[in-house]
Structures are given as C-alpha cells and as structure tokens.
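In the two complexes below, subunit A is the common chain; its partner is subunit B in one and subunit C in the other.
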Partner chain A sequence: MIDAVNVVKRFDGFAALNHFNMHVPDGSVYGLIGPNGAGKSTIIRHVTGIYRPDSGEVSIDGRPVYENNDIKKRIGYIADEVFYFPQATTADMARFYQGIYPRFDSVRFEKLKTAFEISADHPIRKLSRGQQKQSAFWTVLAMHPEILILDEPVDGLDPVMRRQIWSLLLDEVAAEGTTILVSSHNLRELEDVCDHVGIIQNGSMMLERDLTELQDQIVKIQVVLPEGADIPTDLPLVHMSSSGNLKELIFRCDRETALDRFKMLSPTYMEAVPLSLEEIFIHELGGAGYGVENILL
Partner chain B sequence: MVSRTSFFNKTIFRETLRRYWAIFAVYAVILIVTIPLDMVLINKATNQELYFYVTGFPIMKAWHSGLILSFVMAAVVVMFLFGYLYSGRQSALYASLPVTRSSLFCTQVCAALTGLLAADAVTAVILLFAEGILGYIDLLVIVKVLVLLILMNLVFFGFALFCGMLTGSVYVMPLVYGALSAAGYGYSLLFGELATKLVFGYEFGESPFMFLSPIPILLRNGPERYYPYMDTYGPVTVPWRTLTLYALSGVVFLALAWYLYQRRRAETVGDTVSFEILKPLFRICMTLGFALLLSLGSDLMYGFDTGTSAVFPRILVLTILGGILGYYLAEAIIRKSFRVVSRQSLTRCGILTCLLAVLIIGFQYDWFHMARIPSPDKIQSVQIGYMAETPLHGSEVDTVSITDPKTIELCRETHQSILDHKKIHRRADEEDGHLLFLDYVLKNGRVLRRSYPLNIETEEGRADSERIGEVINSPAYLQSRKECLMKLLQDPDLTGAVEYYIPETDESQRYQLSTEQLQELVTTCIVPDLEESTILHYNLDSEEYYKDVYTWDIALSVEVTPNSYQYAYISVPVDAVRCAQWIQNNLGLSPITITDANALDG
Partner chain C sequence: MIPITLNSRDPRPIYLQVKESLRQLIISGVLTPESKLPSVREIAGTLAINPNTIQRAYRELEAEGFIYSIPGKGSFVSPNREISQEELHRRWEDLDHAVRELKFLGVSEEELIRHLKDEGGETP
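Let's turn to the complex of A and B:
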C-alpha cells in the first residue's frame, strides 16, 4: 500500500502539494489524473524517494520511502523525461541497474528484446523520445519491480507501441501482482487500464475512487418507452437526454436495479451501456467543481 | 525504519570511473609532461647540475604546477563526477536509486580520489623512469613528490566539493569555488585598498583572513630557497606543516560537504544558491563585492589620484551604485527573473547601501579611529622605517624598533605633525620616494601599521622631514639600530654585498661578498666602526650629510623565516675609516662622496 498522508511541499513559497493525501492499494493500477501543474510529478517524486516532504509522510507498507533502500529496491520508476547516462546504451543501463537492483533479471531482459523495436546497443540519446521510453520500459520491466511508478508513461509513443506497453504492464500486474501508480493529464488514456483513480488539482487530492465501485454505483440506460409510460421517479436520475424516442438516462444505482425497474414498463428497446470514465466524473461528481474539464481531451 | 547500508556501492564506483576515466588520464598526462618529462628535457637541453635537477626540480615543479593543476582539477572533477547534482534529470536518477545519500557521496568521493591518486601514482612511476634516464635515482624525492601531490589533491578537492554543495548550477560552481578560494586575498586587496585610499597613512598589512586563500599562501611558502644577494637557489625543503594543515582543512571541508550533501534538496537543481539560509549571505556578498569592485575599479579609470579631493565623493557614489547593482543582480540570480523590485527588496537594498555609505564616510572621517595615534601608555614600542631618494640612488633606513619613552613621544609628535599636514602630504608624488613607515606595537599585542608619503616640496613637508631626521638620529634610535645591526652581524646565515655607484658610466653595480670576505669585513671593520658609531647616522635630505658619505652601501640580509628576509643597509661615511679602507683595498673602488659624484654626474 502506497500512502501519502498530509504531504506539503513548497517551492520558493509556492505550495506544489498542499496537505495531499493518497492511498494506493496493493496490486492496483492507480491512475493519478490532473491538469498540467497540478502536482502529479511532485507527488510521484516523493513516492520514488527523490523529494523529501516539507511535512506529512509518504510511505510504502507503512515505511517511509525517503532514504529507505529496502523500499526503493522494490520500485521501478519511469519519469516523464527518461533518465539515462549521457553516452549510455540500453545494455549499459541494464548493466548498471543489474548492479543496483537485486531483482534485476538479465534473462527477462533478453526475452523482452522481442517486445521492443530498438537495439540494446544503440546510444539512448540518439533514439527518438518514444524509443527512449521503450528503452526505459525495457530495463524497468527487467527489474521485476513490486511497484511500478510511471509519470506520463506513454507520451511520445505511437498507438501500436502504447497498446503493446500497456499489454506488457497488465501482464506484469496479472503475473506478479505489481502495483502500478501511473500519472496522466488525460483521463481517457487511463480509463481502460486503471482500477483506481485519483484526481489531483492545485496540489490537493480532489477525490480518489475504486473504479469498479464507482461503475457499480452508476448506470446508463438507453431506452425507448411505450407511449404514455413515464420515467420511474423512484430511481435517482442524474442525467437525461433524448434523441427522438430514444432516451439516454443515467441513474445513481446499480445496473440490475435499473434494468429490473424498466422491465416493468415493457420498453420497446432497452440496453445498459457502460459509462466512460469521463462520463462518470462529469455526471457522478459534478464535473467542473472537480476541475474535470481540464483533464478531458 | 530506514535501512542501514554500507557507505560504498561498487556498481556506482565502477560506473563513475568508467564514465570519467578520461579526466584523470588528462590530469596524469599534464602531470607527466610538467614534472618528469620537463625534468629530462631541461636537463638534457641545459646540462645543468644533475643533483639539483633530480632532487630539487621535481619537488619545485610538483609544488608550483601541482598547486595550480590540483586547484583546477578539483573543480573539473566536482563538475563532472558530481555533475548530476546540477541536472534535474540526472539528479532524479541518482536520488531514485536504492542507495542512500551517504553511500552515494562516499562512493563518488572514493571514485574521485582514486582517479586523482592514480594519476599521481602514475606520475611518480614515470618520475622514477626519468631519474633512471638521467642516471641518478633518488626514491625519497619520488615519495616526496607523490605525497605532495596527494596532499594538494586533498586540499583542493575537499574545498571544491564543499563549494559544489553550495550551488545547484554547474556554471556557478567554478565561480563560487574561485571566489571563495580568493576570498581572503580578495578581502585584503579590496578592503585594504579602500581603507588605504580613504584613511590617510593607513596600511592594511596582512589580512587575518589571508589564510583562507591557500594558493597565494602556498605559492609564497614554496619549497625553493632563493638567495637574492647570491642570485642562487639553496636546498629545496617542502613546508610540510603548512601543506598538511591545508590538507586537513580539505578533509574537514569534505566532511562539511558530506553534511550538506545529505541536507541538499533535489529540487534545488539549477538554483544559484542551494540552501535557503545562504541566500541573505549571497545578497550581502554580492552587494559588498560589487560595491568594492566598482569603487576601486573607478581608480583604474581615473588613474589612482589619491591626492585629489574628488576621491571621496567618487568612491562614495560608486560604492553605493555598485552596492545597488550587486544587490539586485543577486536578487535576479536567486529569483531567475529581472522582476526584482519590490517593497521588501527596496528596504533590504536600502539598508545594505546605507551601511556601505556609513563605511565609506567612516573611513573618510576616521569614525573607526583607523588613523589615530595611540596614546603613550598603550605603546610598547615603535618601529620606524624611512625610504628616500638620495641625489644618486634610492636609500632606505633600516626598520628599527624603539622603546625609549622620550623618543616614542618625539615620534608621536612627528606623526601628529604629518597628520596636521595631511592635505599637503596627500599631494606628494610617490615617485619622489619619500615614505615614512611607522609600526606601533601596542601592549595588547596589536600592531598599528602606518605609512605616509611625504611632500618635501613644501616648507611644511621639509619641516616634517627634519623632524623625522631628529627621530632617526636620536641617541635612543641610534643605540637601538646599533643593537639590531650587532645581532644581525652575529647571525651565521648572514649574506652581504657592496652596492656602489660609478660616476663615469652613471650606473650602480653590486659586488656579492664571499663568506670569507663578509666575515673579515664584519669583524675587522663594521663592528669596530659601529662601536665608534661612525656608520650609524642618517640625514637623508641634507647636502651637508651627502658631502661626507661615499657612494657605497653595504647591504646585509638574513633569512628569518622561509623566504622572509631581514635587511640592513649601511651607508659608508668618510668617518668610517675601516669600512672605507676595506672596500677600497678589496674591491678597488675609488672613494668618492655622493656630493662629488653628483657634481660629476652634472
């Protein structure tokens, strides 16, 4: 469990994190979403032990991260700007990490060669931004990290490589129970992969939710009702729109309850449609109040 | 619980050396070219005495070249090996590794020292080969060179790393290192120069902070012994104590750097000042530094006219302007923006420039009592020295210490008279070379040092010169001078020469006395003439005096401390029959008085 409790961090008087709280469950894929400058990278740098909080605590499994080698050995980190030594190749970086991270697996590193489109012996600085990201994923995945922290991880990758990277990451989660904390300024990018999300704005956590719970509590029904039938008032309606006879209704209740209630009205057509993460935030949480408009593209 | 780990990480050590070995290789090559190769080439080219080249040359070269090279290399090594501290990306890479800051620091210090010491060791091995080529192997010299280079590396690397911790900018790091290394010297130079310009007669002397500048101190206390009167070098002796003390200070700075490294925050990358607590100090230093630079720099433009009344207002205005410029430059550097004017910054800048103005006005009107004449009850002794131009050549009165209360009082009165004629003497042409030196040694151990240029072109100036003549020919002064000379003459390391003027060619010559000649001159002539007080008087501005003094000076010197000499100049009057006779007989010089020579010279 990654915990950030009441974390404050100021840069020249400016509060980049202001009593920030975050709780990332073990084995989850946690999406940290917020507009540019919200404090995503700052909290990630606390979780990776780069920054020391001015106050509050950042811990993993109850132990502070800063200057804690035992904890940091378990973390694989890919920054928004990829780290590498100036003249290094991917193989050089792998050799370096092998000496630092005890779980680094050179066999896995060799196996992963096929997953990426780059040569291990090519200087990283000569690679494109997307290829540099691939190089970083390659070495980090070979570490067998228990916790993967990714700051804007797929920025600069083409769609095919994005899909491939996410596939590798999700395999990792499935196989090893890896916890992933991933930041993005784009809600849509994370909706397919995250099971938990946190929305950060102005250095504070606006909300954090288990997506399954969230999705269980809200449902979108597309329905064509017979002439004269009214929308049931006993269901908590969040949003309604219509196109001809087809009505699109969002209720704050579970899927089965909504469907059972509508079946009683003998609808001409009825279907429960999954809500996008974006719709959930807009309709469930009231949207603008949480600054959601800034994280939708 | 934070885990306990070792202070060394071999992967980082190996990686650091693998990435930066070229720096140490370049250092080794420069050392090899400078010390062993130069030794062989110069010896082959000049066929100098082999013994000196093998025993003295490498140590002297290692001292001088090694000093500058170690100074530069320390900055280079810190800028490269600890360069990640100045790059946001690299800094984050290292900070995210499962390696504690202590371990990272110690590992990289080990890597840096390994590289530097390996280069030193390679140089020592090549030096052994060089000695072999010359056919004279002295292992002790090689060990000395090696230890010397290692100690120098410690001196500067520790300090450079400490400076490297104070800033987050790779461009600022060498500036901080250079500025702090020169701080002691710079303070003496700038502050002393300012005080000397504004406070009439004030002599800054040696700053108590001079030790903070190791390069001038170590260069001054080098291993070579040069005897100016013999124009030759003596045996090479390394001032190990001074060097070891500086090396220990280097280790202390390493420890301080370690402390700062652990407290340094990763987010300060790119900041000129890494620690919040140091920012006010940075502002003050920039304000003071620019104020002094601008005010004294103006002298370069206006030509050092200390005597004019424009000096004070010009220095005041430029100091204030320099202070304002320095303050806002510091503010802009800290904030990384030119939007620096605010109520708070105006207040701070106002306070600092007011303090600077008080300092300058205080100097001018002697608020700090820097020009004062100490009261008699506080004076233990007074040392008086005088430099003047005789009609033919420069002359100098030996600096003699007097304790006689009556003579001290006479000295104080003369001093007061000079101060009363401050406006006249300030216009003195320093080329005339009339300078009075007064050192008051106080009972509390302090020394008040003064020097006054004297304007003898005016009636008041000549009166002051006559007063000085009274002091330096007073019985107490002459007795004291006699005692000083007697003590000097008994020194076994005494060296001597006769300086003389040749009217025919209008030039001065110098004859270096051999040990035997000096011994004979001292025992048979100088001491008896001193006993009869025939060679003690001075009267530097009197034709009456010059017509009875030959154009010869006996110049004596003794090395008191390494590279620090005590000198004595003895003019030879016609009364000093023994000395005059000895010089005529042994050097074949014709006896001619200054007045006669002056007449011949036209």
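Let's turn to the complex of A and C:
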C-alpha cells in the first residue's frame, strides 16, 4: 500500500505538490494521469524516496520511504530519463543491480533476452531512446520488484514494443501480485491496463477511483417516452440532452436500476448505452478546469 | 490460444468484452464442455490487459453457470448448465428487439414464423 497524505513540496516558492493525497492498494495497477507540469514526476520522486516532502507524509506499508533502504530495495523504478553509468552495457547494469536488489534473478535476466531487440553487451549510451527504455525494463523486470514505479514508461517506444512490455508487466502482476504505479498524460493509453486511476492537476489529486466500480455506477439511457411522461426525479441525474423525441440521460446508478425505473413509464424506445471512460471522467470532473479534457481525449 | 476479441473503439468495459467473447465461444460450441479455459495470467500476458479485469469476467461467468473452477487447477466449461432466469430474460429481449426491426423493415408475421420454425435454416 502506497500512501501520500497531505504532501506539500515547493521549489523556489512554487508549490509543485499542494496538499496532495494518493492511495495505491496492494496488487493494483494504478494510473496517475495529468497534463504536463501537474506534478506527476514530483510525486513519483517522493514515492521512490528521492525527494523529502516539505510537509505531509509519503509511506509504503505505513513506513516513510525517504532514506529508507529496506523499503527502496522492494521498489523497481523506471524514471522518465533512463539512468546508467557512462560506459555501461545492459549486462553491466544488471550486475550492479544484482548487488543492490536482493531479489534480482539472473536466470530471469537471461530468459528475458528473447523479449527485447537489444543486445546486453551493447553500451547503453549508443542505443536509441526507445532502446534505452528497453534496457531499463530488462534489468528492472529481472529484479522481481514488489512495487514497480514507472514514469511515462512507454514514451519513445514503438507500438509493438509497447504492447510487448505491457504483456511482460501484466504477466508479472498476475504471477506475483506486483503493485504498479504508472504515470501518463493520456487516459486512453492506460485504460486497458489499469484498475485504479488518479487524476492530478496543479499539484493536487482531483479524483481517484476504482475503475470497475466507476463503470458500474454510471449509465447512459437513450429513451423515447410516451406523450406526457416525465423523467423520473428519484434517480440521480448527471446530464441530459435531447434531439427530437429522443432523450439522452446520464444517471449515477447501476444499469438495472435505471432500466427498471424507466420500464414503469412504458417507453416507446429505450436502450442503455455504455459510457467510455473518457465520457465518465468528463462527467465526474464536471468540467473542473481547462486542460483536463486534453488528457482524456 | 483462444480467440478473444477486444476492440479499442468498443465503449463497453474490457471485462464485459472478455466475458461476452468467452460466452459466445461457449454458446457456439468452440469451447466444448469440460474443456479448460486459459488462465488469467495467460490472457493478461497475451492481450496485455489487467488481470483483475479478467478475473472479474471469470467470476461473472461462473456466477451465471457458464464455467466452473477448481482451485489450483483452473477454470472449465460447465457440462450442462442451469439456465438462469435473468439470462433467459435477456435473450427474449434480444429477440423482441430483432423482431421489431424486422417488422419495421416490412417482414410479415408469416415470414417470421416460418423462419423461426426452421431456426434460421434459410434466410430469404
């Protein structure tokens, strides 16, 4: 369990994190989504124990992360910029990690060779940006981390490698119950892989949700009601629009409840339509601010 | 590998797409009774989707009687399943929907009945 409670972090007076809260349950794949400059990388550097909060607390399993090697041993981290020693090859970095991370598995490192397009004996600095990311994934996956923290991980990777890496990551989640915290500026990129989502803007968490719950608790009904029938007022209406006779209504309740209620009005036409995640978030955020829509579309 | 189809343009939640794909494969007989379904891990790895999502699809298919699971062994297609009232009701609704459309398109009642009698054997 990763917890950030009321975290404030200022750089030269600018509050990069402003009473930020986040809760990542064990075994979840948590997507942290926000526009550029929202504070994603700042909170990630707190969770990995690189930054110390000015106030508030960042902890894993109830223990503060900063300067805590016992906790940091359990974390695999892929930063937005890949770190490596100047002349190092992927094999060199693997040897280095082996000395630091107790769960490093050299057999697995060998096995992973087939999953990547790069050679372990090639200097990392000579690789392209996307290939350097592959090198980082290779060593981190061989560590069997309990917690994986990924800052914009698939940036610079081609679609085939992107999918390949997510396959490896999700296989690890299914097999070992790994917790993943992953950031992105785009919701669509993460919607297949995440089960929890947090939206960050201007250094604060705007909302965090369990995705399956979210999708169960909102429904769009398209309906044509007979002359004189009114829309029921006992359902929590979120949004309404109409074109001609057809009304499109969004309610915050489950599908069956809404359909059963409308059946009582004997509608001429009725259909429940699923909402895409983007639509759900737009309604959840209620037009909370300019910039948010960019990350959803 | 079992052909589960996911469509990124489909607004339905992923768990529902997985569930419907498997249900179709069972109904159409591609997955025969007692055959073993792929593990959650296999699907998560191949399709690159969240394992919790797949687990949910499996849980619901089990609750509806399509599959059963043996701890430590995996999930299997149920041999002769009890049809739930809810499931039956949903299928009737699908039929009503199709009938309305056909009527609108000018198909007569006699044609419909004739078609139903030989269960889609010959489509005019």
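The working rule: the second predicted complex is superposed on the first by the 237 of 297 C-alpha atoms of A that agree within 3 Å, B and C clash if a C-alpha of one lies under 4 Å from a C-alpha of the other, contacts with A are read in each partner's own complex, and residues count from 1 in each chain.
Everything below uses one rule, namely that a contact is a pair of C-beta atoms (placed from the backbone, for glycine too) under 8 Å apart; a residue touches a chain by one contact, two chains touch by 3 or more.
All values reported here derive from a predicted model rather than from experimental measurement.
By the touch criterion defined above, A:170 reaches subunit C but does not reach subunit B.
Touch criterion met: A:215 reaches subunit C, while subunit B stays clear of it.
With both structures placed on the common chain, the touch criterion links A:144 to neither subunit B nor subunit C. Within the superposed three-chain model, A:133 lies out of touch with both subunit B and subunit C [touch as defined at top]. When the two complexes are overlaid on their common chain A, residue A:274 makes contact with subunit C while staying clear of subunit B. Put simply, subunit A touches subunit C in their complex at residues 27-29, 163, 166-168, 170-171, 173-175, 191-195, 211-212, 215, 273-276, 279. Considering their complex, residues 1-3, 5, 9-12, 14-15, 19, 88-93, 95-101, 265-267 of subunit B touch subunit A.
Interface residues of subunit C, counted against subunit A in their complex, comprise 6, 8, 11-16, 40-41, 44-46, 48-53, 56. Subunit A meets subunit B in the complex at residues 11, 45, 48-52, 63-64, 67-73, 75, 77, 79, 81, 83-85, 87, 96, 99-101.
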